[in-house]
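Quick one: the structure is below, and I'll ask about it shortly.
Chain lettering (A, B and C) follows the sequence in which the chains are written, and residue indices restart at 1 in each chain.
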Amino acid sequence: MLELDAVSYRYPGYARQVLADVSLAIGSGEIVGLVGRNESGKSTLCLVASGLAPVSVGGVLAGEVRIDGTATAGLRPFELASRVGLVFQNPNTQRSGVTATVFEEVALGPVNLGLPVAETVERTHWALRTLRIEALADRDPARLSGGQAQLVAIASILAMRPPHLVLDEPTAQLDPEGTRLVGEALQALAGTGAALLVAEHKTDLLDRLCSRVVALDGGRVAMDGPAAIVLADPALEQLGVERPARHRIAGEVAAAGLVLPGAIA
Amino acid sequence: MAPPSGNPTTLSEADRAYLASLAPQAASPYHALNPLTKAAIATIATLAAFVLGGYVAPLAILTVLVIPGAVAAGVLTRLTRVAVLISVPISISVALVSVFTRAGATVLFTVGPFDATAEGVDFAGQIIVRLFVTAMALGLFGLTTEPRAFVVDLERRGLSPRVAFAAAATLETIPLMVERALAIQAAQRARGLDTEGSLAARIGGVMPLVGPVILSSLTEVEERSLALEVRAFGRPGRRDQLWTLADDGRQRLLRWALLVGFILVLVGRVAGALPALP
Amino acid sequence: MSSSWFRVLVAAVVAIVALVAGLALYGSSIGGGTANPDTGLVPGSDAFMLVLALSLLLGFIAYAAIEFAQTRRLDSIARQFDTRTIVLMPIAIAINIVLGQTVGTALKIPLYLDSIGTILVGALAGPIPGALTGLLANLIWTFVLAGTPFGSPYAWPYAIVAAEIGLLAGVFGYYGFFRSRPNTSWPKLLGGLAAAIVILLGLVVYGVIPFYKGDFVFFGSSPTEGFFNVIAYGIAVGLILGLIALAIQLFVKRDLGVAFIVVGGAICGVVSALISAPISAFVFGGVTGSGADILVAAFQQAGSSLIDAVFQQGLLQDPIDKTIEFIVAFLLLQTLSRRFTARFPQGERAVGVIEA
């Protein structure tokens, strides 16, 4: 269970609050989508939910973030790492730059945790298998397509086996093929019982994945509810979020007064 | 998240073989030496060449410590080419600065206000020999050692994982930065900024080139450091490495022998017990 | 006595013993001895700064060794390196090497430009990370990059100079030298400028001039020295133009920060020249491979010994080079977002806090 309890946050050196009074709880096996326009606080919420803000970033946090009941405030960054994973949008800055093969790259987290080699190897195999990228194991991590590199980044986090996973626009820099690969991987992860928070612009992807969707506006929760209802709500467009294609088309079809045989939605 | 079954305590044979295959493969017995051994040979050869001076000692060091290794590694031709390429520009500087300006009794020839003296030629010759031996010794180390392997081996010996990271990450950062610099330089050429021409123009050309390359790299620091934090990079304490490089008693003995030998030579020279060789 | 005080004490003793031994071995201007009537310098005094730097390094190594022996860890040193600093270091080292090797040589400018990254780390993270970045940069340049086109077998002897640059940049950063101080009031600005000029003059009189005394006739009247007069006046004109440009910057933006940067850069440059000259003379016969080597020849031709010529060249080139590098680092720090710089250990001290 990943809980945010009346959380407000501001960055170091800035007086403005980027998050204001956000409450959110994500249970095991649940996938929650996070939408909102740029600068609405999505990325900040990801940093706060994973504990890195303020533990590593600094700044001032009001309210409490709890991971399975433990407040993140007193933990050190490496203690957070095995409790909640965080995937960023740019596969290039997530690559460590010190490994020669994908296998070593994925194994880096477990190695840093101080695990025995046998366990590191098993976890690495498992992460590669879960994301179906075993074939990439011997490749140079610097020479992968964007989609492959992002899968490696996700695998690198999975190998540390955090019970919670936060993803900040994991497909933002990917082409449709890469987006499809990541989407399938997240679906597979959901099947294994992970708790996921996914910030995304691509609502079609969230439509396929999520059970619940939260919309942010100006650092506050503007909408929160079952994915089917929030993503279908035309009010979403006012928050700078494009609804999934099926809802948009259904809306336009309805607005034109047409009735299609076998409704799309 | 569904955990794999149990906590394995032993590696399967297949995994063991796979991890061994991740270590850089040695192309020759010299390549297969532990990186620290090769580094010790290069460093001691370099230092000894400077401490002993003259012509005979550096060339003897080259013959005994560097050339056999280069032959064993099968890189002698390449190494010589690389060392010549590296040492020629600085050798030209040395020659220009020393040959014509060193006061001496024997004037060989005169160019304008400059007298080339035999003493100057001798001094420059000694320096150039030393620089060439240095380039050969360090070049042999570079040509036969995977930099990443050297860093991993040092980490196994107790180098802080953080310093090891800084060293290893530099390897990837430099080509990346050069790529960016070239791209920006090409873009600026297209805009009419040039890196040729007068000194003032060249200096003026540096800033627009330096700024973007550095800024684009620096802005990534925040993302990179957060991405490392979530992979427990900051955890203090030792890590079990996936692969290690072979080392043995004979190599340890060789390294100690080199070190002790060098210290003896150093003390001998400082105390005046060792005569200066020509 | 607590273990950390023991370490500091032993480190201090080691440094002082090394300093005394080094000076005894090479002579010093402090311990007496007969001054050379030509130059006014006591034999060996030219290596004073190098011996001092090496002694400090030995003291630091002793400190680290004792801490490791006591705790099997290097926590008090490691604590100064947070993840952000560690990620910055390879980028800083790459900046050093790429600028030093590619831009410096490609543009054929008689400058080194190989310490900007070191200065950035020193300013943002502190003296120890700065010094380690410099040290590591030159060692990596030689050893780790040995097999690549960016390796240089001739960088390692200057590692101690690079460490000194990072150390000083860290100290200057701690005292806020890299802060921008725009729109300073005129009286304050003029006062700051006057103070800067006094410091620079002191530096020139006590740090630079002694190395140009004696028979040496750089601006000599002998007609056969015409070639060197041209060089000398060229340098003088260049220096004056540079100072005028800085003064304009200072007055147009009324940014007193420029005065701090110039003073910091000049101090760093003089110290660097004093440390590196004996290295250049002993290891490379007086050359560094930079465009300024011709000056060493010029000074020797004008009557200086090799070591003096290297000092004379270095004391012209290094202060200019380091001042330029400090200015570049200063401009970079002002350009970077505060969100970035403020998160480093010494970031707020180095670049200041925006008044709300």
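The criterion applied here is as follows: a contact is a pair of C-beta atoms (placed from the backbone, for glycine too) under 8 Å apart; a residue touches a chain by one contact, two chains touch by 3 or more.
Computed from a predicted model, the values in this text were never measured in an experiment.
**Q** Chain pair with the most contact pairs?
**A** B-C
**Q** Please identify which chain has its centre, taken as the mean of its CA atoms, farthest from the centre of subunit A.
**A** Comparing chain centres, C lies farthest from subunit A.
**Q** Counting only Cα atoms for the centres, state how far subunit B is from subunit C in Å.
**A** Distance between chain centres, rounded to whole Å: 23 Å.
**Q** With chain centres taken as the means of their Cα atoms, state the distance from subunit A to subunit C in Å.
**A** That pair's centroid distance is 46 Å.
**Q** Measuring centre to centre with CA averages, how many angstrom lie between subunit A and subunit B?
**A** Each chain reduced to its C-alpha mean, subunit A and subunit B end up 42 Å apart.
**Q** For subunit B, what residues touch not just one other chain but two or more?
**A** 151, 165, 168-169, 171-173, 220, 224-225, 228-229, 233-234
**Q** Subunit C: which residues touch two or more other chains?
**A** Within subunit C, residues 83, 90, 339, 343 contact more than one other chain.
**Q** Got the subunit A residues that touch at least 2 other chains?
**A** Expected reply: 56-57, 77, 97.
**Q** Would you tell me which residues of subunit C are touching subunit B in their complex?
**A** 25, 73-75, 78, 81-84, 86-91, 93-95, 97-99, 102-103, 106-109, 113, 116, 120, 132, 136, 140, 142-148, 150-154, 224, 227, 282-289, 293-294, 296-297, 300-301, 306, 309, 328, 331-332, 335-336, 339-340, 343
**Q** What part of subunit A is in contact with subunit C in the complex they form?
**A** 11-15, 56-58, 77, 97
**Q** In the complex, go through subunit A and note every residue touching subunit B.
**A** Residues of subunit A touching subunit B: 47, 50, 52, 56-57, 76-78, 80-82, 85-86, 88, 90, 93-94, 96-98, 100-101, 103-104, 107-109, 111-123, 126, 142, 153, 156-158, 160-163, 165, 189, 192-194.
**Q** Which residues, counting only subunit B, touch subunit A once they are in their complex?
**A** 1-4, 7-11, 15, 18-19, 22, 148, 151, 161, 164-165, 168-169, 171-173, 220, 223-235, 237-242
**Q** Under the stated contact criterion, what part of subunit B meets subunit C in this complex?
**A** Residue positions touching the partner: 39, 42, 46, 50, 86, 89-90, 93-94, 96-98, 100-102, 113-114, 123-124, 127, 130-131, 134-135, 137-139, 141-143, 145, 147, 150-151, 160, 162-163, 165-174, 176-178, 181, 195, 199, 202-203, 205-207, 209-211, 213-215, 217-222, 224-225, 228-229, 233-234, 236, 270.
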